[in-house]
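Handing you this structure, nothing more for now.
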């Protein structure tokens, strides 16, 4: 993610790159950032679900509802 | 779910396919995606309710309120 | 509930049929769907309140605030 | 509460009748429905506060903020 | 608080009278109602903070954010 | 904070005075009120962070997100 | 962060300076403030994740969703 003046520019610069998405419930999803919108709804491809440090599932594509997200960061 | 540039395009591509919907309360619903809207309210058909790894109920159609959803993914 | 392309169409098709409404707090209300709106505020008639698998109360009509609902499904 | 096609019509029909209002925090208020608005903010008169099956306080008039309400039902 | 047809009319009638404001976190504030707005943000004067049945602090004026409030009632 | 008819007038009257800001998570910030907006986002200067009755940190300036605040009161 | 009359002016004055961002879930992120918006979505660069007093991870850039933030303060 490059540095930009607006937060969504930063997400835009991360398209097609691998990111880590942490949720309020403690789950983490790691995958390629394919899409997002102003609500921070996010779609990852080739995503893994992590919990308590373990990979729980391989999910392929996953739609993550924005209001459940805490942070998004390069993996 | 195909890769698209907006998250809702991705849900649209999943219509009539089997998806898994995880809720904030730990319940999971698996069924065919019949409808959704911008609030991510979702309708599944032929849906099963899962909790703690078990199928709890067969529900047929189910309307899921968007703000209770964490992720939607192909089953 | 018939299958429709928008989630609220699905609720509309369920009018005057018996539905099960699950809340975030673990309570369930089973009754005839009389009314709903875009916030998913719902009115049931002839409603029973269930908790932990037991019928707790017979309520007659009940107004349920939408933001407390997780799912609505045919009973 | 009579049966109507919109949820707020149902509340309107309950004006000046005794209703039970359950909150997300487990408290219940029973009193005469004097007023409500689209946020489901509610005013009861001659209200009692119930908790764990006991009447805790006699409150007279009480304003209840809508977003704390789960259900409203005839007492 | 007099009986009125809209909930905010009821709050308006309580201006300069002593009210009890209960919060979602279990705290209670008792003081004179000086101001409120449509979000139910409230200002009390000569306010006491109560918790678990005890007066914890004398606060003088206090601004209470509306979304943290459950009920407002005459003291 | 002087008494005014709208809650934000009350906050306005408290500018450059020392206030106590309590959060939903139990933390308290005490400092000089420098800025606020309609969301009740607040900026304090010369702020101390309190928790369980102890001063945890001296923070200087602090931006507090409005939706995490329960009350604001003169210190 | 300099003192300004609106909270977002204060965040603006902190651009490119090191800030501490505390979340509702107890995590803290410390990094250089690169971007923010009116929802208080924030981007930090060179960010560390702290929890229970320890640095848990070095994250580089991190996007933090605004509604999960409690406070932002100079580090």
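To keep things simple, chains are lettered A, B, C, D, E, F and G as they appear, and every chain counts its residues starting from 1.
Convention: a contact is a pair of C-beta atoms (placed from the backbone, for glycine too) under 8 Å apart; a residue touches a chain by one contact, two chains touch by 3 or more.
If you're wondering where the values come from, they're calculated on a predicted model, not measured in any experiment.
Traced through touching neighbours, the fewest hops from chain B to chain E number 3. Touch-path distance (fewest steps) from chain B to chain G is 2. Common partners of chain C and chain E, by the touch rule above, are D. One finds 33 Å separating the Cα centroids of chain D and chain F.
The distance from the centre of chain E to the centre of chain F, each centre being the mean of the chain's C-alpha atoms, comes to 18 Å. The distance from the centre of chain C to the centre of chain G, each centre being the mean of the chain's C-alpha atoms, comes to 41 Å.
Chain E has residues 24, 67 in contact with two or more other chains. The sequence of chains round the contact ring, opened at chain E and continued through chain F, runs E, F, G, A, B, C, D.
Considering their complex, residues 1-11, 24, 40, 66-67, 69-74 of chain G touch chain F. Chain C contributes residues 23-25, 27, 29, 34-37, 41-43, 45, 47, 59-65, 67-68 to its touches with chain D in the complex.
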